[in-house]
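As written, the chain order gives the labels A, B and C, with residue 1 at the start of each chain.
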Amino acid sequence: MTIGVSDSTSHQSDNQMGLSLPLWSRDVRARFAILLLTAALAVTCLWSLATGPIEIPLTALWAPNSQSASAEAMRNEIVLYDIRLPRVVLGALVGGALAISGAVLQGLFRNPLADPGIVGVSAGAGLGAASFIVLGTTTLAPITAILGIYAVPVAAFVGGLATTYLLYRIGTRGGITSIATLLLAGIALGALTGAATGLLVNVADDQQLRDLNFWGLGSLAGASWEKILAAAPLIGGSMIAVLFLTRGLNALMMGEAAAFHVGIKVQRLKNIAIICVAAATGASVAVSGGIGFVGIVVPHLLRLTIGADYRYLLPASGLLGASLLILADTVSRTIVAPAELPIGIITAVTGAPFFLWILLRKKGPMGF
Amino acid sequence: MTTHCFQLCTVIRQSIRLFVAGSLSAVALFHTASAEPLAADRIVSIGGAVTEIIYALGEEHRLVGRDTTSSYPPAAESLPDVGYMRALSPEGVLSLSPSRIIMVEGSGPPEALQVLREADIPISDVPETYSAEGVLEKIRVVGAALGASEKAEVLADKLRADFELLATTRNAASASPRVLFVLSVRGGRVLASGTGTAANGILALAGMTNAITEFEGYKQLSDEAILTAAPDIILMMDRGGDHGGATAEILALPTLAATPAGRSGHLVQMNGLLLLGFGPRTAEAAWELKNRVEKLFGGKGETL
Amino acid sequence: MTHKLSFKSLSVSIGNHRILHNVSGNCLSGTVTAVIGANGAGKSTLLKALTGEIAYLGTVRLGELNVAACSPILLALHRGVLPQQTSLAFPLSVDEVVRLGQIVPADELVLQTRRLAALEKVGMQAFVTRQYHDLSGGEQQRVQMARVLAQMETACDPFNENPKWLFLDEPVSSLDIRHQIQIMNIAREFANRGGGVFAIMHDLNLTAHYADQVLVLKGGQLIASGSVSETVESNVLSEAYDHPVLVNRTPPSEVPFVLPLASHA
């Protein structure tokens, strides 16, 4: 198409020079940021593995199945492979899942303050977990007998997914999901599950209350290979799936109608996004309890640095979320050693002031 | 399914091991290798009563760590704290290079215990029952775990005598006052003990009646339930510091003020760990409670 | 080859309220069709039905395509839609906004060149790296126009010779005179090159200048359709807007010239 609109272009031609360079630089910057974040994640993983209350002479582990089967070598091996490594892997999975889920939901709800909890996962998972913490040895004992120590995480996962499903059914009429209804129904369902959890708190004993409290603050302390094996396919699968939604999420920034006009199946986008986020967040919350702030702070921070384009935002969020959670977890297991601080406290204590600083530093609404 | 899962885990572990070991050798350059040798006799004690028993048995030199609830005797507080008994950090515990962990029933979380077992650290579980026999059992179990069963028998025998004396005076007592154990008063809401708690246990030992038997555990009481319970005494944990002010404040609560205890100002406050710990000091605690209650009613008060 | 956008017995209801009632018509490619009418006459609803955005009774055909049965992507390959105004939920650069229109993957360098070309057509090429949020309403509208042009450009493929359609919902309402003319020129040019243009218009004088066919809606029904001289006419307009309207002709080209009468006159 060659349509000359000569009268309007002439006076702006002086601004044209060097146009292609800044144009490329945004893409280049985003790609560079992703590379940098990948390197940062690798360094964080190694640092976290090498850090802890126990000083491990890492060179001793160079040889696999170390011949010197001393008690110390065995202890170090357990610390490294059964405590630190599962925590690093789980931290990466959970941190990545929470940050990506946050970014996806913010796109879906067109609101930078949406977090994974908005689709009811956290509330439902909290109720599921509370049921087994409080009633696991009495009313629900038969189920506990089958699930063993995984009763609480399984219950949290099922509770999270069930709540999201219910919310989704309420928000969908005639095959169309109303985001506004979803938001309002989420508040109502949150109140309901909150009431049910309150009821459980009422019958809980002192120790169960402490457990509930610790669960709510979140922790990677229970990381094990079994949990990773259960959570990784769910988290990995859904996070890979949402990477294919980037074009749709980008288009959705203009609103649902405009997204439809550029060829997006909006309803399908909503379905996939909600299912993936519910599965990934459900699995994350189940294995680590309630960890706040990662889902909001990470995407927000990245939008300010590399821009809102989902093609870069999603992978970058995953990488940064993973690094930050591993970092927070390393702090949580070393700062009051030999005891441990719940990770939720660390993410909130560092995340909240940082978030405020971003908001105050930038002018304009929402810090943009 | 579990074994299958475990095999898969092992395979993953083995494959990750090579990679990690390789990567870590780079990091290792920055670390000085200085692990202290594993001593043969290093005990980590989890649970206030367990720690008290270890001290009572004179075996405290073997302790290398304790949990947050172990705050008596004061010397115990200088030991490294591995966290709240139900939120233990496995690496934190392992960092103390323990040769044995003695923990009271209910310690956790289960995942942490699993790792500790995997690390071949012997764990001695100490049962928790809120009764005189429960205390004796605890002492025997801890004694056995320490390889000091004889000392433990001596301590248990002494305590058994104390408990028997308590039982005799209990039976001789004419009246059994109704006691309401208040765990906390927050914003005017009274959280009180029902049955099946340590508070219920100590009341029974001291020969008193728990004013609340309608529920198990600690729950918030309605105003009317407090009035119906009609306690003669209100028992609380002493959080240290200003007794006078706190006492006046608690008894001034409208619902508590209307009970017999409130009208006559009968409030007893005792150290929480002493009162509810169910360790070697429990007989002593029951005596103290009994005496303080008797004093309130104008009695003479005896000592153990 | 001419290509038709045709709709038959088109009705749209929301709840019990019927917004469009039995509307039929044909629009030809290579021409500009303008829809005029008072607020609430059903113009936007007609556009939403024709673009497949909302459900309707009746049939809509875009060339051989049955709009109701088409997937969003198939529709997007054949028509672009310019909304009245578009706000973004998150900050994007002007270039990134135009990129949203590029629905067919291609070499990034080619796509980038096309984006710049589209921006140049609306006179916004100097704004390419600017933040969309920072632009004025009129500038944003021109960027959106470039986005739609980019969509039509990338949608052109050698195996598909069918003309593309532009649907414009009040394309010039937030623009100054010069940019009104600029956007209407682009629409005109698009039609001259064989594409179809379907535009909701409020400015009757611009309509008279640019439209080949005018559809007049009132209360959800089509009350008149035809050439400018048949529709931009005192009786039709007075009825459509329920207000007396005077139509004159400008001397050189004899294009109708509309003057609504002030009520006290």
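As a working rule, contacts are C-beta pairs under 8 Å (C-beta built on N, C-alpha and C of every residue); 3 or more make two chains touch, one makes a residue touch a chain.
Computed from a predicted structure; not experimentally measured.
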Quiz item: In terms of CA centroid distance, which chain is the most far removed from subunit C?
Solution: B
Quiz prompt | Chains linked by the largest number of contacting C-beta pairs | solution = A-B
Exercise. Let me have the rounded angstrom distance from the C-alpha centre of subunit A over to the C-alpha centre of subunit C, please.
Key: 42
Quiz prompt | Computed distance of Cα centres, subunit B from subunit A, in Å | solution = 37
Quiz item: When the centre of a chain is set as the mean of its C-alpha atoms, what distance in Å lies between subunit B and subunit C?
Solution: 77
Quiz prompt | For the subunit A and subunit B complex, residues of the former touching the latter | solution = 46-47, 49-50, 52-64, 71-72, 74-76, 78-85, 149, 202-207, 210-211, 214, 219, 221-226, 229, 333, 336-340, 342
Quiz item: For subunit C, which residues are in contact with subunit A within the complex?
Solution: 48, 51-53, 71-77, 80-81, 83, 86-93, 95-97, 100-101, 103, 108, 112, 116-117, 120-123, 125-126, 128-129, 133, 149, 151, 153, 178-179, 182, 185-186, 189, 193
Quiz item: Where on subunit B does subunit A make contact in their complex?
Solution: 5-6, 8-9, 12-14, 16-18, 20-21, 23-28, 31, 33-35, 37-38, 65, 68, 80-84, 86-97, 106, 109-112, 114-115, 118-120, 183, 197, 216-220
Quiz prompt | Residue numbers on subunit A that touch subunit C, as the complex places them | solution = 1, 3, 5, 7-9, 12, 15-16, 19-20, 22-23, 26-27, 106-107, 110-112, 247, 250-255, 257-258, 260-266, 303, 307-309, 368
